[in-house]
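Before anything else, here is the set of structures, which you'll find just below.
After this come two complexes, each holding subunit A, first together with subunit B and then together with subunit C.
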Partner chain A sequence: MSDPAVAALLELVTPLVNRRVGPYNGWNPVTRTQIWQWCMAMGDENPLYLDDDYRAANTDFTGAVAPPTMMQMWTMRAVNGDHGPGSTRQNPYEILAIMEQHGFAGVMAVSYDQTFHRYLQEGDQVHHYSTIIKISDLKTTGVGKGFFVTEKAEYMDQNNEVFAEALITYFQYQTPPKQPGAKKAAAPGKINRVHPVENQDTAHFWQGLRDGKLLIQRCTSCNTLRHPPQPMCEKCQSLQWDCIESTGQGSVYTFTVMHYPEIPPFDYPNTIVLVDLQEGVRIVSQLIDTKPGDVHIGMPVAMQIKEVQDGMSLPLFRPVQK
Partner chain B sequence: MSAPHSSATLSRKAAIVGIGATEFSKDSGRTEMQLALEAVKAALDDAGLKGSDIDGMSSFSMDHNWENEILRQVGGKELKFFSRTEFGGGAACGPFVHAATAIASGLCNTVVIYRALNERSGLRFGAGQLFNTSPLDPNIINFSHYFPYGFMTPAAWIAFSARRYMHEFGATSEDFGRVAVAMRDFAATNPNAFFYQKPITLEQHQTSRMIADPLRLLDCCQESDGAVAFVVTSVERAKHLANIPAVIAGARQSIASTTRMMTPFYGESISGIPEFDACADDVYGMAGLSPADIDMACLYDHFSPWVLPQLEAFGFCKRGEAKDFVKDGHIGRGGKLPVNTHGGQLGEAYIHGMNGIAEAVRQIRGTSVNQVANVNHVLITAGAGVPTGAAILAKG
Partner chain C sequence: MTTIHNLQASQIQTGDKLPEFALPITARLVVSAAIATQDFQDVHHDKAAAQEKGTPDIFMNILTTNGFVGRYLTDWAGPGSRIKKIRFNLGAPNYPGDTMIMSGEVKELSEENGLTLVHVEFRGKNGMGNHVSGSAIVQLADKGASK
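Here is the complex of A and B:
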């Protein structure tokens, strides 16, 4: 696309930036049944949400509390595009539609930042407003040329008080022209973790994990432990070895919190730890069941072997209180 | 120090007499083969030599261009010597060690060294790279202990060591930032740099997005397309050529017992760079020089945190004190050891360290855009966190 064409497109969409549209009303008030269904589907057992006794003893809430991440669900449109009664008919994504008509037909969500100001309780009635607040210059990325478009969504209750906000960035991009006779691309499959590749030196380690054990190699000549697995003892050069089963107890030797790039299928930020196992060897893993910033050198951790996907069991670590 | 300087026979026997490069970009628009040819031709022209003068070649194992293809197209007759060095950017010094050794032994007389890569428009290393998944490939056997957790970017691997360096020596993200600021300051006055006229402040570094904590965006080098090439010949032949020779005074490759490919997590300490600790004395010894003799350095700066332990390993300051050395301005413009006056990989381009070696040659010749006064000796290093090497170039 030539520069004048880009300029013409930007001339069309720029006046629509910062135009706040709404309200988009929810169909139903916040109810206990919907909260229950969400918690069941997500496996969220936080007692704050549905345990009345816990809530009465520990909080000032009077009814069931909605998990904040349900935010977007309350005003979700129906399959025909309708929002709840009284909603505006205006398309909040007019800018994206114009870009689509001008050849930028691909869209992907690239970031989703949420801010929560208060919890919702049963009985609350939700609506939201949408504003496109920013369009980038034409950018070139791995999927093609396009624009980063940022939407601000304000989620409000029946008193027009904002209880949550979201900043959502889309990449609206030029899809490559179709090659005559080109085969239709296969539907993208679910992206899985990279599967460990095993050879004769490492197969026992991965099989051990599938059997629910973290195995540490031990030289049967000098008893030195080693990890990752290798054929020869670096202390005494023996090729004879067996394994001991690790307790999975240890502490964080160092760590990183990965933010970018977001590699599927992982949740971000992704905390990676180098664990000093009690037995005296180190192992790399993910830290789970903790807030992203909640990690430090020396933090005591314990292992849990999880089958993260079919046929792949990994030793993951979580913080322990000491 | 390991064995006495048994390889001293290569010291001051060969010199870099030609340098050539393509432009550095995010999308070269041509093949790596063409990039390599353009850079090699430019290096030969710079040296005042022809393709038929070449009788040796050396490059990176990761380079996709075959020696025979280059030889034929640049009008060469035959190669008596060719070699490759493994381990990504760790290969940046190996070809010079090989070339000097081959020339000193009489195996050949004139070696072309090249590295060409479309690393930005092609396969990006920083994107979370995938390897061949055959169990016969040593890469995937090693990385199988990391990739299943999503631990698959160079920035994240380096972050493990950077975090330990902070923990052990009290360094902060700002200390890493000062390295980036110094590199970008040099890049800002280098028209060949991607970040020409784009200096950064420490505040911009501190507010740049987190990539892999503690590494921020501005701690990470850019990814680039481009090629750099060199002509190395005997010091006798160099006397008859136009350029001031950059003599290879000391050069060594280095692997330590704890070295791993990008994942050096299992040594007693992981906050330093044992490969450079191991080779520094040898490189100085071969050259007959000490840290005080070094006028400027071109250090491998794929990620800013690992510039600090390099300054320590090569004796410019004590262990853990590089943060103060940098804070006092010594690696920047006008400092006592200017580092990466081309802007480094953080500021100029990421050509696997080879663009830094070209800058070292310009400094010896006195032709850098950010020329340091009276340069006689320059230290160069190859990649950190991998099997690597280092060298000292001297004004011939």
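Here is the complex of A and C:
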């Protein structure tokens, strides 16, 4: 989309920013049945909500209490698509609808920021007002180009008192054109670590790990140790080699801590270490059982060979207890 | 009557971890919770419609995520606690067949009107990454109050 087109679109929607629309009325008062249905679906057994004996003994509430996170549910549209009786006919998301007509057809909610002022209980009657308070510039994200649009929702009771409020941010984006043939997306599988290439030069190393040993190559001509595995001695160019088994003892030569982006299947923060093995070679690995702030250069570490997934064993390191 | 455990300020400190909670995602959970939250968007109950929109399966709606976040907090802090604020970012969708692991950590303790406020950071992680991550403020139960 060209810049003038974006400017024209923003000109259309900007006047609608800060326009408060509503009310959007709930179909029913707060009822025990709907609280029950919610709690059953969520597996929420908090006795405050539905246990009359608990409430009588411990609280001033006289009827069933709604979980605060039900806030938005009370004024949702019914299955026929309509808001409750007496609601305004204005579309709270007119801005999003205009963006959709201009090629930004995808929408996803990206963040919620909710404040709960009081509990609702049986008999309360809910309505809400909606105001779009902010539209970002055109942004490029992983799903495409679009606008972040922030809605302020005020949830009110029968006395027009706000019992909860929320800032909800949506991303309204350009959907990519449909690819012919690529109809169904594959079901998501478990995400595994990528296994490094295992070939004639490296097979001994990976087999060693599967056997529970960290093997270091040794040149049989000049006795120089080397890691990572390679076919030739970098000192004397000999192609003859064998292996010694490492003790797995060493110290942190240097390290870095990955925080973002979080890529499965790794745990985050992910501490990557370069370990000085006692034998005199260095190996890149992951430091486990420690907090990033506790890692320091020179820290003594010991290896633990761990089968991180089927058929893949890795030498991981953990701090040595003093 | 249900046994009541209300978390007390003396029992927690900054850095404490909330117990992890594993939620297996099933089609039954996604659909029943979508209906309980009055969300009739087809991507939450109709697999063919969801696939037409480019996703591999139906997926959990946001109100349900919100409900599980609320449950996770009060399961830990007890029925006398009170959620004051929840803020979260949404990420990888929860598809049937996956499992979401909820975890959390106490980041700060403060006081308001003689009651303890616990500032918690939480996340719900599935096989593709963070489904939800954010922070909450939970007011602990008033120790002395019976009513």
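We take it that the second predicted complex is superposed on the first by the 175 of 322 C-alpha atoms of A that agree within 3 Å, B and C clash if a C-alpha of one lies under 4 Å from a C-alpha of the other, contacts with A are read in each partner's own complex, and residues count from 1 in each chain.
We take it that a contact is a pair of C-beta atoms (placed from the backbone, for glycine too) under 8 Å apart; a residue touches a chain by one contact, two chains touch by 3 or more.
Every value quoted in this text rests on a predicted model; they were computed, and no experiment measured them.
Of the two partner chains placed around the shared chain by superposition, subunit C is the only one that A:Gln37 touches, whereas subunit B remains out of contact. In the superposition on chain A, A:Gln174 makes contact with neither subunit B nor subunit C. In the superposed model, A:Glu234 makes contact with subunit B only, not with subunit C. With both structures placed on the common chain, the touch criterion links A:Ile263 to subunit B and to subunit C.
Residue contacts after overlaying the shared chain place A:Ser251 against neither subunit B nor subunit C. Which of subunit B and subunit C touches more residues of subunit A is settled by the count: it is C. Judged by the touch definition given at the top, the superposed model places A:Val110 against subunit C, while subunit B stays out of reach. Once the two complexes are laid over each other on the shared chain, residue contacts for A:Thr69 go to subunit C alone; subunit B is not touched.
Judged by the touch definition given at the top, the superposed model places A:Val79 against subunit C, while subunit B stays out of reach. Within subunit A, the residues touched by subunit B in the first complex and by subunit C in the second are 263. Those residues of subunit B that touch subunit A in the complex are listed here as 26-27, 124, 126-128, 130, 133-137, 140-142, 144-153, 156, 159-161, 163-164, 167, 209-215, 217, 257, 263, 265-266, 270.
Put simply, subunit A touches subunit C in their complex at residues 34, 37-38, 40-48, 51, 53-54, 57-60, 67-70, 72-73, 76-79, 81, 108-116, 119, 183-191, 262-265. Partner subunit B is touched in their complex by these residues of subunit A: 140, 142, 193-199, 201-202, 227-228, 234, 253-261, 263, 266, 269-270, 272, 274, 281-286, 297, 308, 312, 314. If you check the complex, the residues on subunit C that touch subunit A are 1-2, 4, 29, 32-33, 35-40, 51, 54-57, 62-64, 66-71, 74-75, 79-80, 82-90, 95, 97-98, 127-130, 134, 146-147.
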